[in-house]
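Okay, got some structures for you below.
Two complexes are shown next, each including chain A; its partner changes from chain B in the first to chain C in the second.
For the complex of A and B:
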């Protein structure tokens, strides 16, 4: 019975993704009827202008699916390795750290290849998250949700200012790269997808392999150790995968917050605490959320476009507040 | 014996009073220095004599425009906004007995800013009406955060956490409005996200001046309650303070200050957060430091604006500079708090 319920939910989420993809192809500053999209996709042709519009929307949508999945899994990983309900790449500073390093790389080292962006972003993301976590763990009670949120907010604030400082003198560069302040998937093309896929695959594989160990970790460090889990190794690999997923996404799309916070919580409420379900479902859910947020950004911002990072912040902040209200405040 | 003890206490009291007087004077002198530099320096350097002649009403070609239209409003708005942010931030921090509970961290300033930018870019309003609406927005945000932080009992930790969430959401609203107003050019965006003194007009000064003076007086007058509230709510109730009334009055006055300053200069980052702690570091704990905090705020804004304008090659708006100043202090505060094992709530 329970399995059947999960199966139904799973199918519902897949259907939701499919629906979001259709919307993403159809809606925007020029809207195209669904019937025509299906004609175009099956190669039956259609209005030649519409064909072009749909063609440019395809890579963007695929990139959105990949990025959303990466952010969702990254959030699930971070929440389980820190055992902290509000851990999320954007709260741990991974996003802004990655952004800052890429922007500095462009400004001072003249990097201009996506591969280079990714490596700068990965270094920046890992250093920043380690730093934020270290600051939050000083003191007796370890990294409580509040301490983590505050040190993340402080670092994001500092790095946000630094990104502006680095970019402001180069206002010609600024126009092209505004998305390093607020994430956007608007400019994504097939090349970006090809570049990002290996990194994401690597991250997803690590995440799935870690599921049993992470499940034990949820019982507490001592219990996990007695069950034969190497807690340090698990945490290290989990952090690596989390940063890999989120850093690679940020390198090409800029900082997109709150996806990694919202989705795992939502999936936990649907599927229970077992990461065997939460991890893959966070990928699907994240994909769904990011694609639909992108569509909302296009509609809300029309005739221009609202960056997807703004939409996810707007949707995610109330969830953050809800989680904060429920979190054990004694430990805050 | 007794009189000896009294004399000792009296001496300490006098010593602290002298310290406050000295520090206040030093702060005022530093602000005056910044003001002089701001009025004389720029693309063209004018002598002090010229500046005074222009201010007295003499027409000097070039100088009159530069000084009266460009430099004077910048100076006055910087001064008044700095005072407003400093006083308001300090009041919040004292009331909630936590340096992190500053209006620019818990979203109150962002609320005012979002409302102001909406009124200006979408509704094409201007002047005092904008300030009033951003006041209402600030009060609303403060109220909502406060009520949301009641779970099983009120907790400051939760209030701060919820405030951070509210901040993120309101910043998203501001970005949205900036885009919709098709004004997403870099200067406008920075003004409403970080705060800037570029292009402020003289006609906004009188309203700001009246607000800053009246609300600061109100906060100073309520200040004796503030001093008692520092001891904790229970002690304050025992000592006969009507805690609720004092709270509401002080919060209202602070949000008033923030809203008016924000609607003119934008939410100048971190000034509200930094001023109070710096002031209390300077004059010692246990005193209400409303005025020194205001002066520190004004000094921070003016000095940062000078740095932003002249020290770095590119002209940065003041908020970018103060934003960078604020973050290390926040980290320092966290590290210190964590080391001491103080719980943040």
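For the complex of A and C:
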């Protein structure tokens, strides 16, 4: 594909993000006209109640951008290191594993600081994804897309009900912590952003540095080794970055599925198989998808809200089925 | 034309606890075409894979120019020694040009794009393999023979003096097999590339190889030029096959004619 076409697509995606951000600031239980948002953002003032509404929507939107980017890149990493088009943090159980560990931490170890949530989530996410991948690898022919999806679904379901089991007796906190069952970015504030940024930054940097090695890994392990790639190290770092991005996000927003599945797949169809494009574009695309899904959740659940995790699941399920059907014929 | 000394010294290798290669010593002739022959499961692919450091020998060493290959930094070894595996993976939708560019990985430094030398290497590789006009085609659409030429071009772009190939003709029809082996011969003659490959077809091996290694049950049975070693006794020993050996009327190399159950030797 020609560079110019890629550039046009890139600009279109940036424009889409900008548009989603505007919608995210404007729409919700109280809708504010675009003109007034521009006035508020540029400091010209506006209706004082509207100013407050926009002020609370700004961190939520920024968090949405960060979380979406993290989930998109995490998906691109997972698909690359497993060479499996169906691999996604939610399929590999990183989301539910992270959730379960945080909920257990809250219930049994009385953790209550976001930093603690993140570390519990990272441990839970890595252990669970390793477990799912190991289960899928049992038997001949290794972790095929279908087996990975099955083992991931089984583990996710089991862990999901464990999350409910742990939370049910604590009905008083249940409403506050409902996002551990279905991810939501509704409560995100500036503090959350400050906490999560270092983890995500670290993850993004590793992801970008791995791009050439992952491109070689796409040719098969033997070819990659012959080209001088340390396949074990590449996989290890890729998994670390993937879990870091997805786990940190889950720690603060709960399990949000399918972003990491849909976005890299979509970007691959637009930009071709070179991770040099897929990796950064998955970040932009993920940001776009998560913010718009959040807006849709606000509108669909009006006057309340539908959690963003429900919206992404609605959007992602058909894509998942499509990819799984195609993957039966051809693996990455 | 650079000369290299590539040798196996007392190699024992296998998967898990099963020993497949049981003590092999050999020296690969520099700037020649060598072919490893043997029956299915005799360990010839495993032997090639230990040379390509895909399998770490449980004892013994693969030595390149006096140093163990495990002591080379992986990228600098990848500039000397290339491998075309039996079934590499084609990323969906990749173009011929982009795929061959990935052969330049050993020369890439962090965060830098392709430079002039990289593009020249890729273009030269496409030219040698006669696939320049396919550059913008998607690899998925190509025929088996064209695809194999693309993979060899990727290995060429890697610019190694030694090229290992694991059954490069297996999935190809006879015309493509000859075409690929002709191209490898051209590569050997024009660039002096040392070629080591595993082949199934004894007659093509005898014709194209300068040197043969016959492997059976994890051990090296015999080595030498095709004229020296191909005989009905060797075929019996290595393949448990009764055959007659005649002269290839085209190349003058030994040609084996299997006998089988239902036909008589005259």
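Quick note on the criterion: the second predicted complex is superposed on the first by the 327 of 332 C-alpha atoms of A that agree within 3 Å, B and C clash if a C-alpha of one lies under 4 Å from a C-alpha of the other, contacts with A are read in each partner's own complex, and residues count from 1 in each chain.
To be clear about the criterion, a residue touches a chain if its C-beta (ideal position, glycine included) is under 8 Å from a C-beta of that chain, and two chains touch if they have at least 3 such contacts.
Quantities reported herein were computed from a predicted structural model and do not represent experimental measurements.
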Tell me the contact category for A:222 with respect to chain B and chain C: first, second, both or neither. second
Partner chain(s) touched by A:52 [first = chain B, second = chain C, both, neither]: neither
Does chain A have more residues touched by chain B or by chain C? B
Can A:191 be said to touch chain B (first), chain C (second), both, or neither? neither
Quick one: classify A:151 as touching chain B (first), chain C (second), both or neither. first
Contacts for A:168 in the overlay, against chain B (first) and chain C (second): which applies, first, second, both or neither? first
Counting only touches as set out at the top, which of chain B and chain C does A:83 meet: first, second, both, neither? second
Both partners, chain B and chain C, contact chain A at residues 332
Which residues of chain B touch chain A in their complex? 100, 105, 148-149, 151, 155, 157-158, 160-162, 164-166, 168-169, 171-173, 175-176, 179-180, 182, 186, 190, 194, 269-270, 313-314, 316, 320, 323-324, 326-328, 330-331, 334-335, 337-341, 343-345
In the complex, chain A touches chain B at residues 86, 135-136, 138-141, 145-147, 149-151, 153-155, 157-158, 160-162, 164-165, 168-169, 171, 174, 182, 257-258, 300-301, 304, 306-307, 310-311, 313-314, 316-318, 320-321, 324-327, 329, 332
The answer for chain C against chain A in the complex is residues 49, 52-54, 74-79, 81-95, 98-99, 102-103, 105-106, 108, 110, 158, 164
Once bound in the complex, which stretches of chain A touch chain C? 83, 209, 212-213, 215-216, 218-220, 222-223, 225-230, 268, 272-274, 330, 332
